[in-house]
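First the structure, which I've put down as structure tokens, then a few questions once you've had a look.
Per-chain residue numbering starts at 1, and chain names A, B, C, D, E and F are given in the order in which the chains are listed.
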């Protein structure tokens, strides 16, 4: 019955459908292995966050990526 | 003053504007009826989650819907 | 498959177990009535938030309640 | 190490990239000033919520904005 | 830079500190393996939800556990 | 009408009531200054997360703090 929310950067860094499926399968298995949770009722939601909307160190990811170029 | 977040599948399963309004009115009334909460400050946010981004039973909803066809 | 999160004030304003059960039954039924969602996989999580930890209008609820006395 | 999530209305009320950067810088500085939190590991995520998907007082923001016209 | 939130039932079903550490290590590694995300900035928050506060199928987990006895 | 959620470590690192009030006042003012949001309907929720339940770099904060001693 666990609920998992995974937030990652989207846009040109967004995971592919296959990668999303792999994340969902992987975290569901992890909860089964570690806590014996029933996979049938484990819910996972992935949010893709635009790089303008994600900040770390007081900067948006857009600003950080631009500085790297 | 309650805050409610409702996550449902989006894409071709997304609720219509009228259904969203009905959900918001309904959950606001529920909080008033059960807990006597003031509707004026009850906040509701609906998130529509893409079917690739929602998992249950270790599969994405996209995979589950495809299996049903 | 919807996921619902309800945040309300806790402490001496916390809902009773019976009220929590009523909220969970009510919002699950609402999603079935409005969107035809399957109750069996509708997940609801209630968070009780301490009055020092909830703010509205730039004040904590503790401050607002104290002002009312 | 704090994590901050800010939800605001999107669509034609969405913040500009410059405003988002200002919010992220501002809340990161606030956490440093008040709690001495390390800006380097302060994470901020901004969600823009469509006006059909945000409710207050039992109405969607779309309904409220239409009433004002 | 991903952010992960894991909600599980608490009380007498709460994970031990060692299990929490295993979940955090496991999901951080999963994000590195699948998406090449930097573990140093991967943030994970685990919420333990009381059984009165978690609902599935329109019932609280407390009600469901009581029915099983 | 914005909604803000701030998660910080709790336990012996938990903010005092005065610091929480300062965070709530500060972030409400920030949203007014940057986006002209109405403070009266700005909602802020602070979550205090136990150090066993917060992970960064694949370790719990409890493990990281212990390593520092």
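What to note about this one:
The definition used in the following text is that contacts are C-beta pairs under 8 Å (C-beta built on N, C-alpha and C of every residue); 3 or more make two chains touch, one makes a residue touch a chain.
What you see is a predicted model, and the numbers here were worked out from it, not measured in a lab.
By the document's definition of touch, common neighbours of chain A and chain F comprise B, C, D, E. Relative to the C-alpha centre of chain D, the farthest chain centre belongs to E.
When chain centres are defined as mean Cα coordinates, C lies farthest from chain A. Residue-numbered contact pairs of C-F overlap by over half with those of E-F, the repeat interface among D-E, A-E or E-F.
Averaged Cα coordinates give chain D a centre that lies 15 Å from the centre of chain F.
Inter-chain spacing, taken between the CA centroids of chain B and chain E, is 21 Å. In chain C, 1, 3, 7, 41, 43, 45, 54, 56 are the positions where the chain touches two or more neighbouring chains simultaneously.
Interchain contacts (touch definition given at top) occur between A-B, A-C, A-D, A-E, B-C, B-D, B-F, C-E, C-F, D-E, D-F, E-F. On the chain A side of its complex with chain C, the touching residues are 1, 3, 41, 43, 45.
Listing the residues of chain C that touch chain B in their complex gives 1-9, 15, 19, 22-23, 26-27, 30-31, 33-35, 37, 41, 54, 56, 61. Considering their complex, residues 7, 49, 52-60, 62-63 of chain D touch chain B. Those residues of chain F lying in contact with chain C across their complex are 17, 20-21, 24-25, 28-29, 39-48.
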